[in-house]
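Here is the structure we will look at, set down as structure tokens.
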């Protein structure tokens, strides 16, 4: 009889200090059974890895004793391309690193380039449309996070509901830029073109409907007893750990840190919006378990959707007719200089470091991708959990592989 | 604190490794939008980076808990230096700090910052494979994004694109 | 189908048997849960409520290649992933089909020129049945690709000898 | 209550004690020539029985899979299969089946070939064996057994052996996980399942499925066990949860948890071998629902059967047919409930599964049995 491949044999009696602590807090001793750890390869093709990430797991039965993420299965050389093509030509590539929130990526890149072009004036209507698009895209992105997290936990149906509403947002985007996923709509200097007639009203309609649907999703999945049992007290990231790993976005806020770039280092009109009370910053409170567990992170994302809705509504009130794009030449030449601009993406701080020597092509284009940074925490988070928990933890980090590998 | 105040504080505290303060080359314009100004940098001696970062993290007035980004830049193929760029963020004080180290291309080696910020680990791995910078005492110096047998450092300006990989044509 | 495959002359009976076998195959193309990049999101959208690929019997996404009939290469394949894609293809049980979804899988797409690790089309490692243009293709395009594949299956002889080209729309 | 007992007893008396099944009757009725030897008749009867059983399992699987896809589709705001065969994709599962027959026969390198080939057969054989003990109507059954439920639970449990064999033989780590999870889960839930079934067994006082059904015929065909004893309802809930775990259905589908173990013990199985496991799963769902229907919800009994019995039509083919339809409808209601749960609930974790089985369900089931026994004792004292 063939036996499954095993790691090297270990002495049959383990020292007592090798006792493992189970998630429930019970201590378990393996005294006289000869066991060996099993190395399992999760990915690159595995339903839980949200794409093509690979995690090498070392397991003792169901217990994960070690985890090592391997990246690079979707490395697409975005930074090299950023240094090889013209400023505006690079914009479509930004769509493709975090393909769930392409508008926000466009925005981050545009802001970084605009930081190097101080003469460029961005009209207020353009800024407002940018904010509407960015926030709608945040909702769409969190919807995917919510749906696929349901899949990870084993609930299939929320995914379909989430995609139903996402389809609506995509249809809205399609009306303004013609693309469903990769928009390239927010350009250097503003947005590509004005909104079609009636579009703003459609956005308002969406806001009204989505509010009800959101409550439905919340009751269906987030408040579900099994879901709470699966995610509360699992994968707890403490505040210190979050700082140490440089986490940003919902991952950081889930750990109870009250920090949001939109409020604390405002860009566009977010400062004004916050002063007007258009949005609040949700943080993890440990309502169902410990502060910083998977449930908190999911909850932060859920509440953020509603806050984004408030922002969209505020923008719809503020928006006035006018031009949407500043005076941008056809071939952009950026004055020499360097700038780092980080904005609040759905997954955390998306930073662009742009360095120009005054030519038509960037000298350095650095993408500081939130997923890449947030993923590093897995290595510390997964040991000591059960196999099913490790799936829940990967899901709660809400990574997009296009962004981790760029 | 704004950048000037941070720089002054660091000079007064005589932090090890601080070389110079570089203000943005693009003219800073007073706008409501803070993100639109080019970021100023501190130049730091590469060999003293660990002490410098430790000070930035532990000093109460600075309180940079988060290393946002660590990357390298190759300004041009002729340039004799490679830049190491570090972005710090203080959640407490809502402030950012940019740090730049100049590494001569002839000796691409500097200490690893992983002991100060765990976040630096993956960024440094990426730098290592992309630019060929060696970070001393790095806990896990494997390739991060590229295959293990990849030849060359792709992000260098003098990089030549491969013709084929494992018998698969690249053209 | 083993020894029965292409073993019989064409006649009324074998044609009807072929029709039945092909009808079963084309109405039950189970794709593999295998997303690579941006196109994977559109692939998920095809599976979701709005477009519902399950109408064509192709909605049973299987996580393991052993049970899947169709591999939708949805996204950019790079060299590191390429060997895994090839291995997954080899693990599938025939009859098996491949759809190259989007510009990247078809021919490298926007990453053709400067993407040093990007494979310029998945057809350099595995045979592709249907190519779908777009970056990413719309869900309707993927559905059309599926129907094209159904047409292809419909025309393929199974137990009769492939004596001559079959008319396009036999069913 | 006394009337109920008497009525139930009356129904029991009407069913033949020395049972013959319909195959036997068929053989007696057919004008067979003298020269056919006895062993050939027996073989023929057995063959016919097996044929009916295979057809039954296939039909259940065909219908259930189609139903699952349609139910899940409509719960998820979509349609499910629409084109295969025409009306609402009714032939979808047939297409799937024929396709699976055409798939390449794959045995992975490094797999234990003998076990790999044997495991689907064992799984399928066990479900055939268990289904053979399930009567389809008062006089349609393959074997009349006084210990019918005992047989079903005993033979049905051998599925686990097949699953563990499949997981081990695959030489894949994910399969091994799935197999071990299945073993742990089934061991944990066999106990509450069996104990929870003790409650209706105490209430009705029989192990036989035919007698159990007949004993619930009172109150216009609504004298179901669940109305006879107040502890049957909690017992049924325990039975149902345990049945979900036994049949590997969500939220207890850990052995084949897709997002965790790829496909669990089925990871390396393809084509027709895989479809055997699939058929087993749906047949087991049907079987568990049918057992629940027989012991808690009156089996063949319903107002319709009561009306027919009052009209003196007992023993006719119409009566048998109505009994059969009643049971199938009840069973498929259970199957639908399982699907509903599957497409609504997230999956529980393995330690939570174990905790629930050992710490909660087993003691609760024991309390139910105790309560049911006390209730019956009190009833006995009161009635006499």
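As written, the chains take the letters A, B, C and D, and residue 1 is the first residue of each chain.
In this section, a residue touches a chain if its C-beta (ideal position, glycine included) is under 8 Å from a C-beta of that chain, and two chains touch if they have at least 3 such contacts.
Remember, predicted model here, so these are calculated numbers, not experimental data.
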- Item | Central chain of the complex, centres being mean CA coordinates | A
- Tell me, please, which two chains come out on top when C-beta pairs in contact are counted per chain pair. A-B
- Considering only mean CA positions as chain centres, point out the chain farthest from chain B. D
- Item | Chain centre separation (chain A, chain D; CA means) in Å | 45
- Message: Between chain A and chain C, what distance separates the C-alpha centroids? Give it in angstrom.
- Response: 31
- Take the average of all CA coordinates in chain B, do the same for chain D, and state the distance between these two points in whole angstrom. 65
- Sites on chain B at which at least two other chains make contact: 145-147, 154
- Multi-partner residues of chain A (at least 2 other chains): 46-47, 72, 75, 77, 80, 160-161, 164
- Query: Counting only residues that touch at least 2 other chains, which ones in chain C make the list?
  - Reply: 33, 48-49, 63, 80, 114, 116-117
- Based on the touch definition given at the start, go ahead and assign the chain network to line, ring, star, complete or other. other
- Query: All pairs of touching chains?
  - Reply: A-B, A-C, A-D, B-C, C-D
- Query: Given the complex with chain A, which residues does chain B contribute to the contact?
  - Reply: 24-29, 31-39, 41, 65-69, 71, 73-76, 85, 87, 89, 91, 94, 96, 98, 117-119, 121-123, 130, 143-147, 154-155, 157
- Query: Which residues, counting only chain D, touch chain C once they are in their complex?
  - Reply: 69, 73, 76-85, 89, 91-92, 94-99, 102-106, 258, 262-263, 266-271, 274
- Item | Complex interface listing, chain C residues touching chain A | 32-38, 40-42, 44-45, 48-50, 63, 65, 75-76, 78, 80-81, 84, 88, 110-111, 113-118, 135-136, 138
- Item | Complex interface listing, chain A residues touching chain D | 1-2, 4-5, 22-24, 38, 40, 46-48, 61-62, 150-157, 160-161, 164, 220-221, 224, 226-227, 229-230, 386-389, 391
- Message: Quick check on the complex: what are the chain C residues that touch chain D?
- Response: 1-2, 20-21, 23-25, 27-28, 33, 48-49, 52, 54-57, 59-60, 62-64, 66-67, 69, 93-95, 158
